[in-house]
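Each of the next two complexes has subunit A plus one more chain, namely subunit B in the first and subunit C in the second.
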Partner chain A sequence: MTELLRLTGLEVHFPVRGSVLDALRRRPRRVVRAVDGIDLAIERGEVLALVGESGSGKTTTGRVIVKLTSQTTGSIVFDGQDVSRLWGTRRLRDYRRRVQCIFQDPYETLDPKQTIHDFVGEPLEVNHVGSGAVERETMIMGSLEAAGLRPAADFAFRYPHELSGGQRQRAVIAGALVLNPQLVVADEPVSMLDVSIRTELLRLMLDLRRERDLTYLFITHDLSLAWVIADRIAVMYLGKIMELGPAEQIISAPRHPYTAALVSVAPSPEPPAAGERAKRTILVGETPDAAAIPPGCRFHTRCPLVFDRCRTDEPPLIDVGAGQSAACWLAEPGPGTAR
Partner chain B sequence: MSEPMGEPAIEPALTPPLTPGQIRGRRQWPLPKQADPAAPLLQVRNLQTYFKLGSGWVKAVDDVSFGLTDGEALGLVGESGCGKTTTALSLVRLLPTNGRIRGGSVELFGIDLVAKSDLALQRYRWREISIIFQGAMNALNPVIQVRRQIAEPIRYRLGQSEAASQKRAEELLDLVGIPSRRLGAYPHELSGGMRQRAMIAMALACDPAIVIGDEPTTALDAMVQAQILQLLEQLRRELGLSLILITHDLSVVAETCDRVLVMYAGRVAEEGPVARVFTEPRHPYTRKLLGAFPNIRSDRRTLETIPGEPPNLLNPPPGCRFAPRCPQVMPVCTEVVPPEAVFADGVRVACHLYETPVHETPA
Partner chain C sequence: MSGRYLGQRVLQALGTIVAIVLLNFLLFRLMPGSPERILLRNPNLSPQVVEATRARWGLDKPLLPDQLVAYIGSTVQGDFGYSFKFRGQSVTSVIADRIGPTLLLVGLGELISAIAGIAIGAYAGWRRGGLVDRVGSGASLVLYSMPYFVIGMPLIVIFAAGLGWFPTSGMTSVGGGDRPFPANLIDLARHLALPLATVSLGLIGQYSILMRSAIIETRSEDYITTARAKGLRDGRVLRAHAFPNAMLPMVTLIAINLGYVIGGAITAEIVFSWPGLGTLTITALSARDYPVLQGIFLLVAVSVVLANLAADIIYGILDPRVRG
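Then we have the complex of A and B:
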């Protein structure tokens, strides 16, 4: 597999609007460091899951990749070309054709007054794709069918309110597919759906990957969902990647204490056996403010295994072998887990 | 908005749960006058709640029966629109204006709440049955300090003095783990987890007999969800709460409940002890539902799908409502409503696969 996208040293900072009083006292402007130095490569054809709690910066990372938010520093290289600074150029339009996104709430993506035929057709018009009405029509119908809205003629002229929740999300997927993208950034695409419908959509996404050579960045807060769909998982905390590796290994042998805690509390539909509950690691307190990130390892304030070095030095991502790496001073190359 | 960090703790051992006798003994307020002390805590029989739409009645809850004993936690699970929330809200008749209870009874300590007038029912809302709502941001008043909001039901429902109700509110907030310096906070100043804790404190304010949790952890992060579930578990053990937990998340039920009631399209599909239903589901719907759920403790396998959609409850299909989607459908399923088969291990299943009314437990 070759590399499709690479993020290097990506940082996104949002200034906080201070009060008049702060300005008068000449206090420095506070900055929320939503994404605080990410290095990540996405291989062609893989499903990479970006997992994190709210405020971890996972959505911001996705928005930077689809160019809805601009990065503060760092570079984005897509298919060998630097696309970090494309604002207002023709190449940006070209890039956006190749990188599409799917969001959580289909109600917000779809226009209630637009049929899904027009919704799916809009990107073609905007990008001047397709030589005529007939060709566009074939592309729209093909895209609807590919997203599982079959027969397309039955669905094409419906409005969003005439579709079920699962069908609406399929329409959104059809809209993302119509331009034949290479990378799809899916931000919590199934979180609003019931379990039974959720599975169908996950299957659809995996089928489409095979049929259309897609690569996915799958953003979710749900570790078990990531485990089901992803080849690799990246766990984020407060704007940084804490651990990265093959999905199976992240779940079965987490090397970062944060990942280990997340795995231990991940709910499962099996009633716990007697005594099993004592094995859960429930972290105390809440994720710190992203405008005041703790010094040293940013997880040290909540880490059950914290020691002196963690409070002063920030650990880099340490390669522990077999494609897995963890940002923890306890992660040494070799077998064994951080717990 | 971060909280001070205490010692990062591995979960402590839990205190043993109270016995049913101890739970009734702990009541701070007398039972309602008509209560029968020997009656079970809650018994719902053949409840039917319909919603009036222009074109007819939506049979949201149709012939649902279940019971709840002291100190028990019952999980109501099912997909959106299966009637789980409507069932719970029917208990205290907190229904939208087009909702009506068309039949059945809800007996709390042997008193039928369905027969009560709206005014008489107020005595039971919050004092006997309270609700933790899903969106704490919407359920809390944004312009009133949380301590005052929690003191309000104590003052007005229980007729306590201003000072006493404020004091009790402080105790409750301490009980749910909100630090004392946050007492004067407004809802927007609290994080999602803290707001949900405040909602739990409010639900406990009048020392109710039953607490209903309507998706209490759905909007929360995994770690915060674990914290809130741990709190509920601890409160159950310390206070002997009787809990009805409404959720679409089977794993929450697996971790917190004693019994589970699986609903489909307004009817009970299967009900029984969590340990039995989850390890050996008997209704095809329960099996499918469990199979559709990712479980990181077992093998990574392809998840099940349930083709099709739930029926329109304006005109539900005759016979079993799951029949159109059921992989094991038989001719009888589309014609006859399945009777409930009761198994020796306490599970009851509404499915034609189990013909005789009483079954031996399958091996």
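Then we have the complex of A and C:
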């Protein structure tokens, strides 16, 4: 597999608006380090799940990739081209055609005053894709059908309020697909939907990946969902990747205490074996403020296995073999090492 | 728009108008003083004369049903009786004389301020925190909070009394209306300038504040973010998505304000002695000219109801969710 997108040293800081008093005291302006140094590569054709709690910076990472938020430092290389400094509607046109996004809430993503047809057709028009109305029409209808709104003619001229939640999200998917992108950044695409509809939509997304050679960055807070759909999982905590590796391995053999804690509380279809319940690790405390990230390992304030070094030194992502790596001093390097 | 929605709105409006007509009857019958005394204005009349007058005007008959039936019958025919103050003139003709100037002043004012207010508000909201926002929103708030006479007085002091560019009051100079074609219009325009500026300035603040907040609200919607991610340029996101959605509350406000156009901007008209319905209301009020007040009250109330109906219909056309 070849690499489609690479993030290197990505950081996104948001300044916090201080009070007048802070300004008078000449306190330095605080910044929220939403994304605090991410290195991540997405392979062509894979589904990479970016998992994390709210406030972990996963959504910001997604927004940086689709160029809705600018990074503070770091680079974004897409298909061999550095797009970090690419801005402006015209210069981004080619990139936008190849990278599209799907947002969480299908009720909010669609303009209530726009028909599904116009919603799907708009990207074609503004990006000057397709020559002439007839070709665009074919593309719009094709995209609606591909997203499972069949027959397309029945849905095309409806307004969002005339569709169910699942149908709306299909329309959103059709809008993202119409440009025939290579990478789709999906931010919690099913979390607002009923469980029964979720499966259908996930299947649709996976089918489309096969048919259209799509690559997904799937952003979710739900580790078990990531396990079902993703090839690889990256676990984020407070702006950094804590653990990265093949989905199966992350779930069955997590090397980072944070991942282990998440896995232990994830619901599982099998009834727990005797003594299983005791193994659950419930994390204590809340995620620290991203404007005041703890020194050393950023997880040490909540880590059940914390020791002295964690409080002072920040661990890098340590390769533990078989494509898995964890940012923990307890993770031992080398292939197939035991814990 | 579904016929059901339309039918419901029309029925609602009709019901309200019926209620207003009844209230109009009741309200003025509850007022102190008896109409025949105001009509005759002579405290020393013999009871026979008073009785005869009462009989002549139908005041000897009971309120219900006779007077009410007579009232509704003539109201439906557009007959609102005769003015006490302007002797010999019917209420209809008194109001008809004054409605033109008011429509001209407040109607034009609404138009100018709606366009300017929407433009300023939309830009300020879209570029929140920018120069237009800071200056425009501050000025809007000040203007919105000022009554018309506070805006109008300085205008008179500066532009009429001080600089002498415009006349201080009235709608025409003496004989100005009778001059040949371009001269009479110019005369009217010079008289109109200051009151129009007053009404427009007063309304711009209201419109731009609402438009600004509506734009700011729509700006944070996901479909705006989606539109950007789809590759729409900023101006188009504003024009195609933010603006049409933000216009929905504006339509309602403008339409409802249009209802009050008929009533006239009373203080603005008084300050500039504009011969519209606003000054008529004050004149009638101080002269206890109940029939004229009753006519104005009915006219304003009905036009507000009709403007609301228009707002509902326009809203239905603009918003697919209501259209159904």
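Note that in this section the second predicted complex is superposed on the first by the 323 of 339 C-alpha atoms of A that agree within 3 Å, B and C clash if a C-alpha of one lies under 4 Å from a C-alpha of the other, contacts with A are read in each partner's own complex, and residues count from 1 in each chain.
Please note the rule applied: contacts are C-beta pairs under 8 Å (C-beta built on N, C-alpha and C of every residue); 3 or more make two chains touch, one makes a residue touch a chain.
Treat the numbers as computed from the prediction; the structure is a model and nothing was measured.
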Overlay on subunit A: subunit C relative to subunit B, clash or fit: fit
Touched partner set for A:Ser70, first subunit B, second subunit C, both or neither: neither
Contacts of A:Gly285 with subunit B and subunit C, given as first, second, both or neither: first
Which of subunit B and subunit C A:Ser191 touches, first, second, both or neither: neither
Subunit B versus subunit C as contact partner of A:Gln81, first or second or both or neither: neither
Between subunit B and subunit C, more extensive residue contact with subunit A: B
First, second, both or neither for A:Leu202, with subunit B first and subunit C second: first
For subunit A as apex, the angle formed with subunit B and subunit C - C-alpha centres, to the nearest 10 degrees: 70
First, second, both or neither for A:Ala261, with subunit B first and subunit C second: first
Minimum C-alpha spacing, chains overlaid - subunit B and subunit C, in Å: 11
Subunit C partner contacts - residues on subunit A that touch it in the complex: 66-68, 89, 92-93, 96-97, 100-101, 103-105, 108-114, 122-123, 126-127, 159, 161, 172, 175
Complex interface listing, subunit C residues touching subunit A: 221-223, 225-234, 236, 240-241, 244-245, 318-321
In the complex, subunit A residues that touch subunit B: 53-54, 164-166, 194-196, 198-200, 202-203, 221-225, 227-228, 247-248, 251, 261-263, 265-272, 277-278, 280-289, 292, 301-304, 306
Subunit A-touching residues of subunit B, taken from the complex the two chains share: 1-11, 13-14, 79-80, 191-193, 221-227, 230, 248-252, 254-255, 274-275, 278-279, 288-290, 292-298, 300, 302-307, 309
